[in-house]
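Pasting a structure here, questions to come.
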Amino acid sequence: MALTIGIDIGGTKVAAGVVDAHGLIVESLLKPTPADNPAKVAETVAEAIKELADSYEVEAVGVGAAGFIDETRSVVRFAPNLAWREEPLQRKLTEMTGLPIVVENDANAMAWGEFRFGAGRGESHLIAVTVGTGIGGGLILGGAVYRGRWGMGGELGHMQTVPGGVKCGCGNLGCWEQYASGNALVRDAQRMAAADPERAATMLKLAGGTPESIEGREITDAGRAGDPVALDAFANMADWIGQGLADLASILDPGCFILGGGVSNAADLWLDRAREAFAERLTGRGHRPVADVRLAELGASAGVVGAADLARLP
Amino acid sequence: MALTIGIDIGGTKVAAGVVDAHGLIVESLLKPTPADNPAKVAETVAEAIKELADSYEVEAVGVGAAGFIDETRSVVRFAPNLAWREEPLQRKLTEMTGLPIVVENDANAMAWGEFRFGAGRGESHLIAVTVGTGIGGGLILGGAVYRGRWGMGGELGHMQTVPGGVKCGCGNLGCWEQYASGNALVRDAQRMAAADPERAATMLKLAGGTPESIEGREITDAGRAGDPVALDAFANMADWIGQGLADLASILDPGCFILGGGVSNAADLWLDRAREAFAERLTGRGHRPVADVRLAELGASAGVVGAADLARLP
Amino acid sequence: MALTIGIDIGGTKVAAGVVDAHGLIVESLLKPTPADNPAKVAETVAEAIKELADSYEVEAVGVGAAGFIDETRSVVRFAPNLAWREEPLQRKLTEMTGLPIVVENDANAMAWGEFRFGAGRGESHLIAVTVGTGIGGGLILGGAVYRGRWGMGGELGHMQTVPGGVKCGCGNLGCWEQYASGNALVRDAQRMAAADPERAATMLKLAGGTPESIEGREITDAGRAGDPVALDAFANMADWIGQGLADLASILDPGCFILGGGVSNAADLWLDRAREAFAERLTGRGHRPVADVRLAELGASAGVVGAADLARLP
Amino acid sequence: MALTIGIDIGGTKVAAGVVDAHGLIVESLLKPTPADNPAKVAETVAEAIKELADSYEVEAVGVGAAGFIDETRSVVRFAPNLAWREEPLQRKLTEMTGLPIVVENDANAMAWGEFRFGAGRGESHLIAVTVGTGIGGGLILGGAVYRGRWGMGGELGHMQTVPGGVKCGCGNLGCWEQYASGNALVRDAQRMAAADPERAATMLKLAGGTPESIEGREITDAGRAGDPVALDAFANMADWIGQGLADLASILDPGCFILGGGVSNAADLWLDRAREAFAERLTGRGHRPVADVRLAELGASAGVVGAADLARLP
């Protein structure tokens, strides 16, 4: 039975796995990402591939990386976290491993994994949104990964949401990921706790007393304990998530949205509200079906599974 | 040589044409739209088809209409201008004419016409935006019309552009078409002329003296005569157009945009600025190609030509 | 003991009262406002004055009216609701009644009433905000009514709150009163109920089933019955109220705010949240006292009492 | 003839002057501000006072400092630039110099200087706005400095202008000074130059080639040489300045605005546009006088002259 390898290059870890045609991970391994040395990242990935390929007969390798990947799925044009510019990753890895390689945007790989084996099975048109420190996006349209003319589609986090809004790392103002992400959640919680420490007492206690030390973990724990400021911060974020989904639905009319990423671990605190906000702001509501808003099912392994499966396609 | 008929149902006129496989209109006719009597619109369309089919041997008919068309291209779910709700237009027209019928969103038909025979030839991924009183959108992705899961994709005018912004006919606040359209142009020109009649003297004179009587024609003429208020109104609109294109590019990474609609007749007054605004706000600029922003080439006949050509597809 | 008359000209009723130096209303009467006949409004006011002056010895009359009053407190420059333009109200009423007359903006009169005899006693710097269909504002600074250079200060409802926002009757976009008023409450509740009728079931039932028939009364009743959509609509409004108070505090640093107007009858549903939003957004919080946010105490009679008392000043 | 001393404590220099009753500076001196040692700042000020008081018989001293000054004009509650918290400046300086001291917010001192001897002579109600890296504000209402209930009025730069907007040093989002200041000008110019280097060629050349090295000086020089990107950056800033003035006029209805600060040195590039934007957005325009928007006349010495004159008042 045909096996392929999937790789997910993260900022801190390289995850690799041998995956079968049903999306099951037969074996996996993790290596630290040498993020301070971009030239060494490809070597680390090649080592992971070779270790796995020593034990299993694999046909091909799919590699997911955060960044702009060119339309031939070969070159990483720009990867902010890894300091890559026009990195010919496919060629390098092919030379180092002797295996067929495809390179894919990591959010696309995740979206494909969920489409084939997770929350998106059976949906031909879906939009995957990973809500972490920022936002990642993967589009599956008509049953295929949508990459755009030059491979740069799906940068959902950089729709402008607030004209003149919060400055984004991309250089623009008011990008969606400045409002609908874990970073936004922390910013709002810190600000509100500084403004009304009494109301945020639970959260501040968890964080050791100072607003600046509030992180996602404390907001989540405080929210579950009923802290009103934590709940407000989640509600703000949920409203912005819902708004962005409504914007995407007006353009792409997907059958469902799949939400993943670190913030989805606290989905009990915001998912219902995001669904409401989405439905409330959907243009043409009442005259159209409303897309499902679902949580991802594959968790952290979606990227490995999706990349491996994409390597299997012709 | 295979001929098909294309129909473009507008709010005031039904345009119909016999079109050949090269996109040339062999014969055309216009009929007034009985907009006050939605039940009669299908009859008028059928009459137009029969008149043309009497003189030419046609294989099929493509009908473009403003509104939400279902994913089977048969039923008009909701067409605000024609007061249709769940109108089974394909079935009705087939019964009345005996010809194969496909129903298509009018902006999709226009986009397809430009893709096949106009400004979009050779581009596999393009976004057509018609800027008139509102905004219409048609997506050609991977060389095919993109309709979405339920046929409702491409409602580009209803992305939220300004949170809490100007109320839109769709019920939401701050939709793109409230800022990047002819209506917005008129609203801004009237407001600025009321505030500073002296500065808007040229435009006011053309409009007969009162801000309320300023319409698109006067703004265009005044702009060409150098009226600073008219030019400011165009600049505002151009900035919002550019912003919206940048948002769409972050999601869909098209090879080009094609701008049409009534406001494009004054493109000399705003297109360069819209291009600048787009390029300036494009996320990842410097690390990616910048999509062309082009004017439509087929003018008012793009809808007829596109609908006819779509009828030819299997 | 010196008595004066206070008049409050509303859109539907003219309220008049004889008031003593302690702010007590000795006698009062109401007359319908002939709003369709602006020329008759002054006559109606004069009749009310004469009726009261027949029974009581009064020194002077204070007349509060919605609109721009000139800096000599004589002329109503512009009163949208009564169709007055440059109305010489003081002269007319003096001629008709033979009594000394001062004309005052109605929100200033209300603010003065609360300052002298209501919720603002003892505060030298206060800002009164009446939240009704729109917003009215009255400033008491350093123990005196603040009118501005030409009598037009205190138009608080027309600060721009959302750039490019909801169109205001004043011709601008995004004025505060488009977000922090009863009209905004109704707009939001209707919109949200249309989007999610199930969630708004209680409110819709109270309103007879259709979103369009929802008015303030139903939102209030539904909110008290726990309807989540009604509560969300109040929360939105409260957040905008709090934001506007924070803006005013950054400019004017008042000792307290006094909130009145029709929406304050439902203060149990939004006042606490408005206070929180204010405190959270106050610039320099932690380094300054936070102004009290209080409800008005005099209710509908504040305007009559305040106008009467202002007539007593030299 | 009575002389007083005025002091203007800036982030880099302490300016001091002996001023006569006509606002003329008889003698002046400058000392570097020991900004890294807040405890020493008062000593430096005291030395300056003593040096001047040795040669001139002075009655009193007015000290202007950036920060929140309490309502008794004695204590600096909070001065971000000098790291003062609850600094009893009046008491310290009185002890060190033996002279009567009043402490005043520096923008108030500047506003008073312009009111008494500069661009604001004869206007009873004026608003001074200093546009530098941020915004400072001073209010003269009814011929007196307006300080607010606790001395913290006039923080004009912290009105919220864009909900969810650019983060401000004060902890809030979207404050006016994030859009209508030299910092905003530089941010916009850098962003636009990065997006379209060709169009910003003049400005980039002046700045040595890279967007990051563009500062105010280069934007001004480039604007005067016709660089379109520099002119756009000034136009953006001017529009936001005009909007803020319109907001202030709706609240306070001043007779004039006086604009100063570093950015006013380039007023030829933006003042007319700011005036237009103000007039266009003024609520009730057409039914009210439009306040003058003037440049400050006293330049850098306004603070010293104003502080000295305020010391003269009882």
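The letters A, B, C and D name the chains in turn, as written, and every chain counts its residues from 1.
In this text, contacts are C-beta pairs under 8 Å (C-beta built on N, C-alpha and C of every residue); 3 or more make two chains touch, one makes a residue touch a chain.
To keep track of the chains, here are their UniProt names: A, B, C, D = Glucokinase.
Remember, predicted model here, so these are calculated numbers, not experimental data.
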Chains in simultaneous contact with chain A (Glucokinase) and chain B (Glucokinase): C, D
Farthest-lying chain, centroid of Cα atoms versus that of chain C (Glucokinase): A
Interface with more contacting C-beta pairs, comparing C-D to A-C: C-D
Chain centre separation in whole Å, for chain D (Glucokinase) relative to chain A (Glucokinase) (CA means): 46
Computed distance of Cα centres, chain D (Glucokinase) from chain C (Glucokinase), in Å: 34
Whole-Å gap separating chain A (Glucokinase) and chain C (Glucokinase), where each centre is the average of the chain's CA atoms: 50
In chain D (Glucokinase), residues with contacts to at least two other chains: 162-164, 171-172, 191, 194-195, 281, 285
Chain C (Glucokinase) residues touching chain D (Glucokinase) - in the complex, by the definition given at the top: 68, 77-78, 85, 123-125, 137, 139, 141-142, 146-156, 158-163, 170-172, 175, 243, 246-248, 250-255, 281, 283-285, 287-289, 291
Chain D (Glucokinase)-facing residues of chain A (Glucokinase), complex: 161-167, 171-174, 179, 191, 194-195
Sites on chain A (Glucokinase) touched by chain C (Glucokinase) in the complex: 163-164, 191-192, 194-196, 199, 276, 279-282, 285-286
